[in-house]
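Chain lettering (A, B, C and D) follows the sequence in which the chains are written, and residue indices restart at 1 in each chain.
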């Protein structure tokens, strides 16, 4: 359903994303990994319309979305969270989710029904009246997911939602993500916690210096020489 | 030389590192490895004083420096070469180097240090009046290391010195690190190039989700299965 | 005639440069948005005026009062703004707007709303060929230029000056060099206010001061800073000359009341078309500040 | 929150009628003028709050809309004989037109630069109004003849003005309340908090900022037109002074940015102090009230940056939360 063809992004002379192509099938969970600065978040920013492409094309369900403004892409069914959380700090959790819900429900009571549904799904009821800024990071990340879900996305991009969480919180969030996927929403996850992504994703894409260096099942990717090099250094495999 | 006891810290309301203990002995290279977002940069920024420790103490050369400003730590010889070089892009190379010896403690030795780093990196002398922002990645890294050496470091913290460099340059960077060690500078090396970092290290720490999960000599860790698991989750 | 206008414009621009360099410095190094900068110029004007009225001291010597007062004022205001540095730009706008109201109305209460000026220092003008120059104007220009040049030297050749540039480019890296960044912020703020004060003491010999005239100087300073490229001190200097010329030339051809309209319009056009400034090619303390939000 | 709260609505209507009746009891024009000024300032602060408080666009040149509205209706009336009854709305329309032009050009500018562009626009209009003497009477200003009639929108009784201003205030409060609880309000708050996040949730930043700016400009323009009809005199320095905008912004900030009641509380607290100080002290201390505004504004920003209403609501909410936690 999501298709990238030769997607390239340059900042100044630097090529942050270099001719990346892949297709994400409907209903799948895909992991996107790679070392620091390999261009993962940049790729998300390109897909969600925050950045403009230098060249290439991105399409969602056959419709070209590259270089459309972010709010249009969101309306077409693509939602995301942010690596560094971007909460609407001075309004309540409820209103944060409401912002997302209004995208397809112009009527307030319909939008509110959607909010209740999402809040129930993610078990956020206790916090709905709280101001965003008073929440701990784990909850902020969860509200970001809730906000994104309220837009009724076909595909959800999660950018390091597990970062900075303790093991219990991580386990809980893993379950939530599977639950969301079970409702038919396609998911792409950027994650550094390898254990998480290996257990969560059915397919893994590996970026290194903006280039897609591996694409396959978690097991395959782990054994991939290029991936190990990218992560651990050039000589690691040789000495083994 | 550096003793860290029970350090916790983070940004805003979110805690990133938890109860860290670490000890760095005079004249050694200590490596700190761990995956992205494990809290390595947070830890060294707490050591440098850019972030306030929430609890615990940092002791440097027998003195408790937990409450000192970053500048006061620089005066005592605790120098960090930050991740991504962080040169001053609109200053020339020479101006960047001079900024390295900003601290009053080392200004007297400024010319001597300048000669030394120019000797170490002749390329910097060639381009001395060029703006730092116009250098290539490798040259920037040399300049950043040179800038730190200008401060007569007693403990040099290097954050991801090989990040984004071509393989040939990475080899060069590690050679330089060994050279610096030979000059008697103690080094704390933060690297994602685990192999290289561990080969070089007298001692190493593995940081996972803000906690130290493994520690030992570099060679011991190289042979550790758990390390591979931590990185690839196999 | 045109040459006369150009020269007068450059003379005027020299004095404006002092105002804008102060603002450019504060904005460039500490990222403090100061909407009361013009009012500090006016404070300088009134201090000079009062000193002159009370003791007959020449405006050029009144600096012994203007400078300490500016430093003190700068210190007090910095205490208000300190905690907002780097985090709350909106609050900086509001605090400095409030400050502007306070300064203007304190002046109003102390000095009433009358126009005040000192125009009795020199009797006659200078005439070189066909070109007339007022002695006040020429002296103000020369003083302003000397101060600017000395300041540029300071910025480039001293450790403290370099530290200012370093802080403007990368605050946390400056910390790691051992720079006491908070101290640099304070120094820069006070220095900026001192420049404004000195500009005031020069301007009072040419223009009248009234309580709300800070508004004019404030916008003027921002116009030059935006034109010069945000935080670009040399750019601000050139922009100040340009503004001086625009002001004099348009004042001559369109009438005195129109000169500000011309450069305000110019300003809005630059904000929209070239928010990085006209002179951003000349790098100096030029930080990359985005004026356009990505959409 | 589910549907329109009938009780609350009735309460407000009751309050409105009470104020209408109260007005008839105030025989003294001095006191009526007092109340009219408060209503006027509250209206202007509320209109400003839509842009400054909700959309996060700090406009300090809002007076451009006020002045343009005032000049439009006055010039149309004096030169073309158009009744201010229509002129008021045309004034609002002109203000919207200016807002639209200003908006497409400068709405993308980051914080302080948007603010600067609004100040520049206001200053430009001030200077133009002074310059084009034929049309505007220059710095002499325009006199609207005192010929009371409905067509001329000039009235003998202060009570009529009192009602007009009360209605204006009521309409603005209703609109702001409606927006506050609507999709638009929700989107505006999101934009103010984080533009990138908002746009990734489907919010068109430009569209909603522009909407807020247009509505705000319209009411400010209408307010300016009515103001001209009330004073029967306008001159560039009274309707285009940036100081007035700062004052209006100060009322909102002190009362509480981005809250329905904030600007009104601000106006009802500070305007009486201003008027008392002005009438009592006058002369030598004519600047004292503005000095006070400045000091209070700085203190509020430093101590309670969410303003009186914002801070009180937070305190009440926290208390409720604590009580709820305790009962659990």
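One rule holds in what follows: a residue touches a chain if its C-beta (ideal position, glycine included) is under 8 Å from a C-beta of that chain, and two chains touch if they have at least 3 such contacts.
Everything numeric here is computed off the predicted structure, so don't read it as measured data.
Enquirer: Which two chains have the greatest number of C-beta pairs in contact?
Expert: Top of the contact-pair ranking: C-D.
Enquirer: So, comparing C-alpha centroids, which chain is the farthest one from chain D?
Expert: Taking each chain's C-alpha mean as its centre, the farthest from chain D is B.
Enquirer: When the C-alpha atoms of chain B and chain C are each averaged to a single point, how far apart are the two points in Å?
Expert: 41
Enquirer: Provide the C-alpha centroid distance between chain B and chain D, rounded to the nearest whole angstrom.
Expert: 55
Enquirer: Taking the mean of the CA coordinates per chain, how far is chain A from chain D in Å?
Expert: 42
Enquirer: Compute the distance, rounded to whole Å, between the mean C-alpha positions of chain A and chain B.
Expert: 32
Enquirer: Spell out, as numbers or ranges, the residues of chain A touching 2 or more other chains.
Expert: Residues 50, 69-70 of chain A each touch two or more of the other chains.
Enquirer: Which residues belonging to chain D are in contact with no fewer than two other chains?
Expert: 196, 199, 205
Enquirer: So in the complex, the part of chain D that touches chain A is made up of which residues?
Expert: Contact set of chain D toward chain A: 1-3, 181-183, 186-187, 189-190, 193-194, 196-205, 258, 306, 314, 317, 321.
Enquirer: Where on chain C is chain D touching in the complex?
Expert: Contact set of chain C toward chain D: 33, 35, 80, 88-95, 97-102, 104-109, 112-113, 211-212, 215, 219, 222-223, 226, 255, 257-258, 260-261, 264-265, 267-268, 271-272, 275, 290-295.
Enquirer: Show which residues of chain B lie in contact with chain A when the two form their complex.
Expert: 13-14, 16, 35-38, 160, 163-164, 167, 192-196, 209-210, 222, 228, 230-234
Enquirer: Note which residues of chain B are touching chain C in the complex, please.
Expert: 48-50, 69-71, 74-75, 79-80, 82, 86-91, 95, 98-100, 102-103, 107, 131, 147, 151
Enquirer: In their complex, what parts of chain A are in touch with chain D?
Expert: 48-50, 69-71, 74-75, 79-80, 82, 86-91, 95, 98-100, 102-103, 106, 108-109, 111-112, 129-131, 147-148, 151
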